[in-house]
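I have placed the structure first, in the form of structure tokens, so that the comments after it can refer back to it.
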Amino acid sequence: MTEPLMINLALMILLLPLLGFVVSLFLGKRIKAIYIFELFIIILTFAGAVTLAFVKLNYYQNTDIVSQFTWINFGNIPLLGQTNIDLGILIDNIAVLMIFVVTLISMLVHIFSIAYMKGDKLYNRYFAYLGIFTFSMTGIVFTHNMLMIYIFWELVGLSSYLLIGFWFEKKSASDAGKKAFIVNRVGDLGMLAGILILYTTYHTFTFSQIFAQISAGHLPFNSEFWLTVTGILIFCGAIGKSAQFPLHVWLPDAMEGPTPVSALIHAATMVAAGVFLIVRVYPLLTSGALLFIAIIGMLSAFIPATIALTQNDIKKVLAYSTISQLGYMVMGLGVGAYKFAFFHLITHAFFKALLFLGSGSVIHAMHHEQDITKMGGLRKKMPLTYATFLIASLAISGIPLTSGFLSKDGILQGSFAFGSLTGYWIFGFVGFLVALLTAFYMFRLLILTFHGKPRDQHKYDHAHESSFSMAMPLVVLAALSIFIWYTPNPFNPEQGAILTNWIKAPQLVTPQDTRYNFMKSDVPSGSVIKTVPENSEIMYSENYTEALHQAHIPAMLLSLVLAGLGILIAFIFYQWKKVDVDKLTNSIKPLYNLSYNKWYFDEMYDAIFVGGTLMLSRFLSWFDLTIIDGIVNGSASLTRALSIFTGKFDNVVVDGFVNFVAYLSGFVGLIFRRFQTGKVQTYIVFVVFSIVILLFIFK
Amino acid sequence: MTYFPILSFITFLPILGMIFILFIPKNQATMIKSVTLLITSAQVIAALFILHYYNYSLGGINDPNSFQFMEKFRWIDISGFSWIGRIKIDYFLGIDGISVPLVLLTAIITFIATLSSWTIDKQVKGYFALFLLLDTGMMGVFVALDFFLFYIFWELMLLPMYFLIGIWGGKRREYAAIKFFLYTLFGSIFILLVMIGLYFSTSETLADGTKVFTFNMLAMMNPHNYNQFGILSPLNPNNLRFIAYIFLFIGFAIKIPMFPFHTWLPDAHVEAPTAISVILAGVLLKMGTYGILRVCFPIFPEITRQLVWYIALFGMINIIYGALCAMAQKDFKKLIAYSSISHMGFVLLGMASLNSLGISGAVFQMFNHGTITAMLFLIVGVIYDRAHTREIDAFGGLMTQMPVYGGFVTLAFFAAIGLPGLSGFVSESFIFLGSFGFGLIRVLTIVSTLGILLGAGYMLWTLQRVFLGTLKEKWSSLKDLTFREYAMFIPLSLIIIFLGVYPSAMLNLMNTSVNSMVKFMADAKVMYSSLSGF
Amino acid sequence: MQVGLNHFLVISTALFSLGIFGIVTRRNAVMVLMGIELILNSANINFIAFARFGNFGLQGQVMALFVIILAAAEAAIALAIVLNIYKTFSTVNVDEIDTLKD
Amino acid sequence: MNIYDIIFYLFAAITILSAFFVVTTRNIVYSAYYLLFTFFGVAGIYVLLGADFIAIVQLIVYVGGILILLLFGVMLTNKITNVEIRSGSIQIVPAAVGVALFAGIVMASMLNTKWKNIETAMPSATTQGIGLLLIQQYAVVFELLGILLLVALIGAASMARK
Amino acid sequence: MNTISLQYLVDGLKLIKPEIAVTITLVLIVIVDLIMNKNKRYLPYIFIGGLVVTLYFIVVQFSTSSFAFEFSKNLGMVIVDPFGNFFKILIAGSSIIVILFSVISNEIKEGVDRQGEYYVLMAGMILGMFFMVSSADLILIYVSIELLSLSSYVLAGFSKHALRNSEASLKYVIYGGISSGIMLFGISILYGLTGSTNLYEINSLVQASQVHGFTFVLSGLLIFVAIGFKISAAPFHFWTPDVYEGAPIPITAYLSIASKAAGFALLIRFVKITFIQSVDPNGFWHLLNIIDWKTFIIIISILTMTLGNFAAIWQNNMKRLLAYSSIAHAGYLLLGLAVLSNEGIAAILIYFVVYGFMNLGAFLVVMIISNKLGTEEIDDYDGLGSRAPFLSVALAIFLVSLTGLPPTAGFIGKLYLFLALVDAKMIAVAVIALLNTVVSLYYYVRVLKHIFLNEKAEGTAEFATSVSSVVFIALMLTPVLIFGIYFTPLVDFAKSSIALMGF
């Protein structure tokens, strides 16, 4: 297959879902079965993606394929000369891997949805939305420039808005959609600022050109500090999209959308876009930016993990776990474990999608019951779902033989090594702690849902195993959660092709003195460097590789112990009930509440933004179940108050001034009227006085 | 083609239509409407002709030889005033890349507004006569190159607008109409004053070598045409150019409308009938920014350079302030009106950047705002026609009842938010790229980006309150769109999507002109500073 | 003190002022007219006095003559109007005739 | 103080005093009679200024014409038997202030001006000179006055006829 | 005393043919009125015929520039110059229009037995105004003002039964009497100071002897009182609203145009000829440093326009509103003089032509409406837009023109005024004037609001407008619109008329 052909194939992969969207949207009302067309499209897309991935990874492993065209030609701009804005496609290894994941999960979700969404009155519209989502996501992956990333970034925002708010008649659903969009926009603002800095400095959006200029020593505002800032700003986009702390609040709410949607966008693809963005711009990130990213990732891994411990909504638990896992990836990138982070992105996509689809299967069976305290014992009724769910839970907990073990262990290993090289041990510590927590809450979820006795007999009686179209995706994903696809050695991921040949650490372009010591390259900066260097290890110094190797065994063992411990505790608590959970929670009530109420983010932000004025609302919010909305509400109510104030200001002051002028004119007129008494002699007195005054003036 | 006076045709066609309508008996409502529709569609066709024959490589701005479709002949020529020279006013029309998009926009929006006016049943004859008169005024402003002619057209649309709001408007229409009228007249007297000042400061050399004072805007852009003692002459050390610039700017700013001169707009919009709101937002507001771009910038480049920071500042205030105000509104239409203020702020910001990206973005934003806001007002109109209320909280769940309508609404709302793939995104991005590229106003740009966040906030909130959620019982009989309404929405939607995907279609039109403008503004710095030491 | 121009001017100014005073204070329209006659007389004294002392010839006197004739014509018209007012308003008090006002 | 001065002061006193009474007397008829004395006084002043012809005209036109006219006016608009023949004054205070200020300014400026003052003999007879002026230099004014009188006549008649 | 030959009179008479024609017309009307005392329908047409002849004479001698009744070298009683002729044309033209007004006016028709007097008095006014605009002698000025005034006093109270007619004429006569008295006193002082009443002679005397001092200012101001009264400039305007409201509409219209025009012509002539020192090549006047006319006129004009505009906001009677509007317009016009340049004069002339058409037009429509509805109250105009669309639109155009918005002639008038102001660098004044325009918009538009925006519950029947009225209105409308977009002839006309005799 030649390069142009690959480009065309990529274009096809990109545009087919759009076609599906348009056709399904406009013919949806006329043709009942148009969703089949969409289904066909997605299968075709997936086939294309597989082909593309196959060809690229096998024949063009070390070549990036780029194709671009001029979208806007500004002509010969004064001072800058000829200026274009180019759009283009970049096919490299991470792109095809990503695209494979995206289309695969998208396809599985499509299939899953056939049964799951049956009977919805906007059935066809639903598939149309899936189509546009796939299109936007593919766009992000394939672009070779920052502008297009931003464009598709926003489109992803739109499609998630549409999908989360799919059941828009439910206020909570439309609220969640809105919240997702707006919170994402907050992050996008930072990203936009980053893009503005990049464009202003380099007058191009194309990554390769930007990287080339940076490595040639051309920095934004000629300052390394601003390069760091730019990196952090662009990362802001990822904070929003990947639901990182402190913008993670939208993701749990987004569970209002249909469950397959959650599987698609909140587990595998959309949220992964943020991580993908960091991967894309990785070469320009300085050590400062990376540290910032690592901290954010760490916080995002830890905080939601603690929240997930106490949640009772099956999807919310998964949502928080998603944030936590994404935090892992981000942290991994921040500490330099580039390859493992991306690897975790892929493995997580599969097992998290599996978890969501499994939960969807459960919810479907339980007639849209999502509270795990009302489930139990489903193991018997839904053996397949249980089995797949179990595999996924093991994977996410990092138990050997699963894919999760491979990737997560890599990240832990990386953070461990990072600690040993830089002294920032905190990342490793938190990483391991979160591994423990993850294992615990996942098995808590599993046990409460599938083990024990049914707590809601009525619903239990009606529960049933899912049909083929729902079961098949579960099986496929469960299969993909096993180690074998990635490496022959279940304890060392680096023996598989995916980490040795496919995912390659990029060549950094940042100035040497802005890098971590262990990332200092031996190659002198200033030489023009391709995006994927010949030798992928060029990014790291020798002692990093050394540290990584040394960290491998301790990290693996420690994580195993911790994961086992977590599972064990979960069994002790919930399966064997050796410990009275209620008693325990009562004894650590404050901590429990902290977790149950999602860390009281609202209170914190209220204190920051609104201060004492919202004291009262803080008290009330204690009782408020929707306390999660903290951050958004805190800032939203401030905005709203501000907007009401400006509205008033506009009416009273600005408009008032105008009206006052009008009133004043009228008043002056009234005064003038007073002279017109109708008595002619009075007029003459006025005239006499006027003459006197005029005489005094002109004497 | 070169000999056919297409600009005069497109400008005065509506007047002919008006005269024709005046002779139709007033009970022939349908005929009147059809004639208007015919006229406006002829205008659209003429605009497309212009587009087709437009030469993309000519810049315009200050070069009289690169304007297109020029028509120039002596209109008023009074010789013999020995002490003030000859009075000469040209009938001078021409377009360049900055006016072409707006001519196109005017033609399209008027056409759509005609369709939207179909529901008018009160004094139909008067309505459409005034409507066409307004049309001429708007079109004229965008094609006139003689300041005097420009001013005539500028004022020409005041009165029809007053009546259109005042007679066919809502409850507080009289207040709104008079407010609009007084405000804009207040603005235009400043323009008049500066126009006269410029007249006495510039002279043009005629073919026979005599020098005469001139209203020719292009002549005013050349500092060599100024005479030594004119009060607005850069050669005069005691000139009043700074004050004149402020005056002129205020005159145009009222039309934009720029904070704090904006308070006429919400009133006018809320009270005006739908079609007039469409015109008002779609075209009229552009006259302000167009005026600044066409008059303030090239005639006073050196002052512009001094004041860009303030222009950008006001742009920023407009963006944020308009958005915040919009958020607080309970009336659907008022919300859209405030969103207009916010969006016009982007135009100001873009112009202040003084570079190609920013100015392209600004001009493009003018066009896009024209189409998008027009669509938003049509949306309000549709719902108001059916429900007779615009209270946002009175609605809910309309998406279920009117899915097609809801689809258009979603499209328009997302276009207003600046979603990629739709035209608003491209222009807003370029505005940000442009203004961020100008170091002086970088911080303002960053603050302005908050506008897109707030925009998403109020738009989505509105979308949710009106269209999402559960349908209220009393609205369960609302009908979805009619054929006529399709005819209004579809062209606008297509334009919005088309330009979102392929913005070059519009950007190529103006590139050369925008670049000439930027070059001119850059050169002017040197040129003017060499004149009299500032 | 020798009687000179200033003496006459004092008289004329006094007459002038009294005339205005009369016009603005008297209620009866006829008396208002009398005030106007006083003003005209004062101007006439000026004309003749200036002509006499400034040696300007007889022009001043001719002017005075014209003014006297005009005064007569004006009085005639004014009185006709007053009569008319009396017919319509049944009063000639100027201050009571104020239906036209703001 | 010669006889000329005495006569002047006499006439001046008559003029000013009676003018003062004209504007202050409450009774309209009295007022009209005081006006008669004022006109007489003014005529006397004309004589003192050597304007004999004008003095005569003043007597004929003013006393014989205008005054009678005014009296007619008084009679026609007031029932003579009515007590209401008295007529009050209005806005005395503002009028007095205004007029006093005005009169003060005028008087001050008149007295402080250096007028052309050329000592000349009293002209003997003015009638011929006036006549010549009337038909020569001022012929057009004279004619216009004629028309004016015609118009005034018609106007007054029209007005009174209603 | 030198004797003057008969030739003096003959030469003079040759130059005042228009005035003679008016006089003959006057006499003719008297005679015809007496002979045909039953049928007076022909009187207006005889009058118009006479005026047409008059116009002919004016046009024929339009560019003549000389003294009539030149009693000594370069000193005459009457001036014949293009400037005066311009105003004569304006006066005669507006007279013809007002006569036509009168023919269709109900108020005038009522006094059917006094039609003769009506036209005679109008002829008297015309004659007075003709001499006002062309006299060079203060005494002639005074007499002509009196002729104008006496006739108009009577005309203001022409209608028999209307209470307000009588009141208007009483107020007018008292106010007019005292102001002409004050003017006369001023003339007498000026005479005392210079020994002459001829403007040219005064000018040369003053130039020679450099008279200064307060007395001169006093006399100038006192003379201005009567002129200010005629042009209704504040603070001498008080009569205007009352008399305009009280008088019959044709007379109101006439006063607002012709009498004001004559007053302005007189003012310009008086200021320029008496106080001029030289005219520089740019057309700016350099006045003798006696009276600061510039400041004085600026103050008066700003006062006038501000007062007129602001007071008009509150008016409910259409005639009264137009009265205040005419006060405001006097303010604008005075600005043209304040410039003290030929250009300013040209602006005034242009403005006057325009103002004539638009103001007469407005009054015409008001009169026709008043004939039909019997009211001039603005509140009663509610819903007129649908009842009488043509009238309403016409009135709207006239009012818009009065506001000064393009593309009406009113804009051109204002434009030239502001051109003159800006050229003279009187920016602040121009700004004030422009802001006044905004205020004026408010009350003009208020009328439009009542006509078009308000709806009336009862009496919504359309009323027909007679064809002759439509044609008449159309005749007034045409120039208002034409001059708005093509004003070359208008400006050419004004330009050719700015030459004052002597300077």
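Letters are used for the chains, namely A, B, C, D and E, taken in the order the chains are written, and counting of residues starts over at 1 for each.
Everything below uses one rule, namely that a residue touches a chain if its C-beta (ideal position, glycine included) is under 8 Å from a C-beta of that chain, and two chains touch if they have at least 3 such contacts.
Quick caveat: nothing in here was measured; it's all calculated off a predicted structure.
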If a chain touches subunit B and subunit D alike, it appears here: A, E
Per-chain CA centroid nearest to the all-protein CA mean: B
Whole-Å gap between the CA centroids of subunit B and subunit E: 43
Between subunit C and subunit D, centroid-to-centroid distance (C-alpha), Å: 6
For subunit C paired with subunit E, centre-to-centre distance based on mean C-alpha positions, whole Å: 26
Between subunit A and subunit E, centroid-to-centroid distance (C-alpha), Å: 80
Per-residue overlap in subunit D, given as positions that touch at least 2 other chains: 90-91, 95, 98-99, 102, 105-106, 110, 115-116, 129, 133, 138, 141, 145, 148, 152, 155-159, 162
Sites on subunit B at which at least two other chains make contact: 182
Touching two or more other chains - residue numbers and ranges from subunit E: 1, 139, 143, 146, 150, 153-154, 157, 169-171, 174, 178, 182, 189, 192, 195, 214, 218, 241-242, 311, 314, 442
Full enumeration of touching chain pairs: A-B, A-C, A-D, A-E, B-E, C-D, C-E, D-E
Of all residues in subunit C, those that touch subunit E in their complex: 12, 16, 19-20, 23, 29, 32-33, 35-36, 39-40, 42-44, 46-47, 49-51, 54, 56-57, 59-60, 62-63, 66-67, 70, 73-74, 77-78, 80-82, 84-85, 87-89, 94, 97-102
Subunit C partner contacts - residues on subunit E that touch it in the complex: 1, 139, 142-143, 146, 150, 153-154, 157, 163-164, 166-171, 173-174, 177-178, 181-182, 184-185, 187-189, 191-192, 195-197, 241-243, 245-246, 311, 314-315, 320
Residue ranges of subunit D in contact with subunit E within the complex: 105-106, 109-110, 112-113, 115-116, 129, 132-133, 136-141, 144-145, 147-148, 150-152, 154-159, 161-162
Partner subunit E, residues of subunit B touching it in the complex: 75-78, 80-84, 87, 123, 126, 151-152, 155-156, 158-159, 162-163, 166-167, 173-174, 177-178, 181-182, 185-186, 189-190, 192-193, 196-197, 199-200, 231, 240
Of all residues in subunit A, those that touch subunit E in their complex: 662, 665-666, 668-670, 672-673, 675-676, 678, 680-681, 683-684, 686-687, 690-691, 694-695, 697-699
